[in-house]
Amino acid sequence: MNVAAAPMGASPHPGSFAAGFAWSFSRDLKLSVRHPGETMLVIAFFVLVASLFPLGVGAEPQLLQRIGPGVIWVCALLAAFLSLPGMFASDYADGSLEQMTLSPLPMPGWASGKIAAHWVATGLPLTVLSPLLGLQYGLTADTLLALACALAIGTPVLSLLGAACTALALGARGGGMLLALLALPLFVPVLVFGAGAAEAQASGLSAAPHLSILGAGLILAVMGLPPAVCAAVRIAMD
Amino acid sequence: MNWFFFASPSTFYRLAGRMAPWFFALAAVLGAAGLYVGLVVAPTDAQQGEVYRIIFIHVPASWMSMFIYFVMACYGAVSLTFNTRLAAMMARALAPTGAMFTFVALWTGSFWGRPTWGTYWVWDARITSELVLLFLYFGFIALANAFEDPRRGDRAAALLALIGLVNLPIIYFSVLWWNTLHQGSSVKLTGSTMHIAMLWGMLLMAFSFWMYSIGASLTRVRAIILDRERRTHWVRGLAT
Amino acid sequence: MSAARLSARGLACSRGLARLFRDVSFEVGAGEWLALRGANGSGKTTLLRCVAGLTRVDAGEVFWDGESTRADSGAFRANLLYAGHLPGIKDDLSAEENLQGSLALRGVAVSTKAIEGALAEVGLAKRRRLPARRLSAGQRRRIGLARLALDPAAFWALDEPLTALDDEGQRLFGRLLERHLAAGGLALMATHHDLAPAPARVMRIGE
Amino acid sequence: MNVAAAPMGASPHPGSFAAGFAWSFSRDLKLSVRHPGETMLVIAFFVLVASLFPLGVGAEPQLLQRIGPGVIWVCALLAAFLSLPGMFASDYADGSLEQMTLSPLPMPGWASGKIAAHWVATGLPLTVLSPLLGLQYGLTADTLLALACALAIGTPVLSLLGAACTALALGARGGGMLLALLALPLFVPVLVFGAGAAEAQASGLSAAPHLSILGAGLILAVMGLPPAVCAAVRIAMD
Amino acid sequence: MSAARLSARGLACSRGLARLFRDVSFEVGAGEWLALRGANGSGKTTLLRCVAGLTRVDAGEVFWDGESTRADSGAFRANLLYAGHLPGIKDDLSAEENLQGSLALRGVAVSTKAIEGALAEVGLAKRRRLPARRLSAGQRRRIGLARLALDPAAFWALDEPLTALDDEGQRLFGRLLERHLAAGGLALMATHHDLAPAPARVMRIGE
């Protein structure tokens, strides 16, 4: 048998941030397309829970209109939370995370790519679906728009915060509880400003102040969290 | 008569192909008659006016939604116990039609609820359980297709269908067990409290839906058989 | 490639209260492989992970081409192919996709044809589109063999590479290793079995 | 070395239902004590989400009192749902489920034991905590009692239904979504009657009718679902 | 125990579109073991699972003491010890707890002392309280060896029992097998390696 020849020792070109990002982004998206369970779970959860609420609370139009933005935000937050354990756990369990850590591609690159892919597979569908669910609660067009904008800015923050928390909880005993204790409280400010934006709009005020606070949060998170994720992954490997 | 002869997919494929058009034709004829009786012959309702005519779709669709589920679960049980391929394929073929009738029942029901109850939706026991029925159909379809090995999908879905069977008596008897908004049965085996033309209209429509369901599931089972048996000689023979 | 060379000096590691090894020093030069032997639980896996940089050592240092891998591990990682007990294979992706993915992760660009060729060599030609979860234990390991065939990394750190392989697979691995060494590569491997190209040295730990 | 002598061929006594039940019940409880993450996650989720709601919706006492029972029930349901995947997945992944299937202990026995342990680790804490959370919403003592009773009867039904759905979805592609699709709709009736009980009490009616319906559901579930779980596990093994 | 006897007639199984084996028949009597050989992916694991009753066969039947295991598998399962690729070990429980649990699951009551003894025999005396996730690959397999030592099941169905074991572990397994056979037990094992007590027969599949 003739073994395929490999160009021995041709040291691979030193990886760039972009290469790492592209690698994990495309891989994770391919995985979510191949195995859409995770994404679907998040979407199904979001839709079902947002639709269940009226059942639990009773379907008075005024009440629904009043609690609509809050409920949708809480549902989005829970759905995002639900998708967190999957972010690193399976890569950790099957050894892929080891391989990534040892790869010449820079860690912040592939870590960011993973987070971006996570957002595309979960946060984005939530954002896109939110206006439809808002209709159920009889929200007005303005409010729907504010809601969608707030989610578009807020869900990436959730993905980033969530990634840092999951990475920290990796390999720790009682990972689940740790995750809930770490992530949910950190999610609260996002919820407050996100729901605030839609509610301000609903009550005739401008959503802009809330949205700009969210935006500032997003910038902060994009800059600060990926390095934290990397450090946490390294600790988990040991 | 040798039933196993018809239980062979290749034989059944041809048989189904020949029978399906007849059922569709019958459905069309009965449906036309039913609509004529329902829309023209039947008198206007004293309390509800013309809107009550939704009944000619709503009730037959509700009946079919339950009946098809029952038949589907029976096929599931047969496929689980005797490990027959065809029964499992029939169960799969019935599910979409059943889901459609369930949806129609829900839709016409809530459409009717607006003028009569003043709301599209209440969490009345019958309505809730009918909604659960719709999701059982969806779950059945999703589960059957969720395995790489179709035989495993067959078995899992059949099991789900059997579990869901408890829901049927709940739908049917809920109006007796709990007094809720939805009205109780007026068509019983022992007699009916309805105007005779209304009754006929409903029965004709129900038979029409029934024939349609048989035709549709036979057509669908043909597609399933082709897909499952695509590597066999007889299917390849069809292509040439 | 300059003559690659891996050396370690004074490595020590403990787990819980147990000291697994200490003062482990070794050198592997181009074209050589070093066998790591020891009873179950003696610390072979741990040592390999320490060398790769996954686990922190309590003391000691690893050098690649004379430079410590602790400070700047870029050059080292570009030349390191590590395969541990966990295969790093995604069950939902096919053999082809898994292989492509793990090569891309190492920054190696390979044509689809080369990938197909390598999979054919390891006997996965007919199963290359099947999701990896459907593959047998040995077939999964063979994805790893195909990776060895295609990756130009100079240093292999392998943990029990023969697990689950049948006789023919073991011979195939032997040929791959031979070729790797002939091309100036080096390897550090933990094995319980003897391997065809004999190791340059055997290091026993835990005794 | 002298290998410990085993009484060769002493065919183990044929296992009874109780032996199977005891085996898996004690084992799963031991695992949740050893690895309390799962339970803690469920509890943390329940508490945090039920406390988040007022943040999302705004804290008007009347509004809170109105939506309280519904919200708490929805939260309990979500928390129970969250704990479902863990029920069989890890045993499936590490081969324990194989061993259980091949064991001479009867399957309905150990399957019931697993379900019971799941309830003790998730449903029971939810039930016990619910009055505390109800206080947040300003519910009266009567309502709190009705709420706790409804949860005490309803959460076992959730565990039983959930077990059947998880077992069905084992080994399926897109397990997560399937689970949501199968389980959440089946949970709806439990939610409707459970929340109904507390709401009836809150509005001065008796909770008894709702509770007895829930009770009937529980009896049905206890009798009918364990065999279904067994059949589903067998299918998953294939 | 009456002279135990396992036989299979006309077993067939296919996966996807691939037919793995068909018309496989064999017999194993008390004191014998049958080796299952074949290349990677030839269907050894699948056959073992079919015999154990985990996977459905397309055709054929397995008999235990002359009775079909399909109808009433109670007597068969009471005598079957199956160990596949997956170890069935809980990472959060210690070796001791894992062993105790898996014996209890088989309905075997063993004293704590016997468990300690068996763990000592397989070399886990010092690590028996450690959560299994901390054990090395070979140490985890040794929990399985301790189970073999304590379980009175007459029929062993083992899939690559030597994986990850060092030389001493392999010899230990050989001794356990010898004792099992001497006591009238029987075994069906898929292996790539030769084993100390030679098999009564070798069955090759997939050719």
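We call the chains A, B, C, D and E, going by the order they appear; numbering starts again at 1 in every chain.
Heads up, the rule we're going with is that a contact is a pair of C-beta atoms (placed from the backbone, for glycine too) under 8 Å apart; a residue touches a chain by one contact, two chains touch by 3 or more.
From a predicted model like this one, the values you see are computed outputs, not experimental measurements.
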item: Set of chains adjacent to subunit C and to subunit D; value: A, E
item: Most central chain, judged by mean C-alpha position against the global CA mean; value: D
item: Contact-richer chain pair [A-C vs B-D]; value: A-C
item: Farthest chain (mean CA position) relative to subunit B; value: C
item: Longest centre-to-centre distance from subunit D, chain (CA-based); value: C
item: Chain centre separation in whole Å, for subunit E relative to subunit D (CA means); value: 34
item: Whole-Å separation of chain centres (CA-atom averages), subunit A against subunit E; value: 44
item: Geometric centre distance via CA averages, subunit E-subunit C, whole Å; value: 30
item: Rounded Å distance, subunit B centre to subunit C centre (Cα mean); value: 59
item: Residues within subunit D bordering two or more other chains; value: 35, 173-175, 177-178, 181, 185, 188, 192, 238
item: Of all residues in subunit B, the ones touching two or more other chains; value: 123, 148-149
item: Of all residues in subunit C, the ones touching two or more other chains; value: 85, 134
item: Subunit B-touching residues of subunit D, taken from the complex the two chains share; value: 164, 168-169, 171-175, 177-178, 181-182, 185-186, 188-189, 192, 213, 220, 224-225, 228, 231-232, 235-236, 238
item: For the subunit D and subunit A complex, residues of the former touching the latter; value: 35-41, 43-45, 48-49, 52-53, 55-58, 63, 66-67, 69-71, 73-74, 77-78, 81-82, 173-181, 184-185, 188, 191-192, 195, 199
item: Partner subunit D, residues of subunit B touching it in the complex; value: 80, 123, 128-129, 131-132, 135-136, 138-139, 142-143, 146-149, 152-153, 155-156, 159-160, 162-163, 166, 178
item: Interface residues, subunit E side, partner subunit D - complex; value: 1, 4, 52-56, 74-75, 77-80, 82, 84-93, 97, 101-102, 104-108, 114, 117-118, 121, 149-154, 172, 175-176, 179-180, 183-185
item: Contact footprint of subunit C on subunit E as seen in their complex; value: 15-16, 38-42, 45, 85, 123, 127, 130, 134-139, 141-142, 160, 163-169, 192
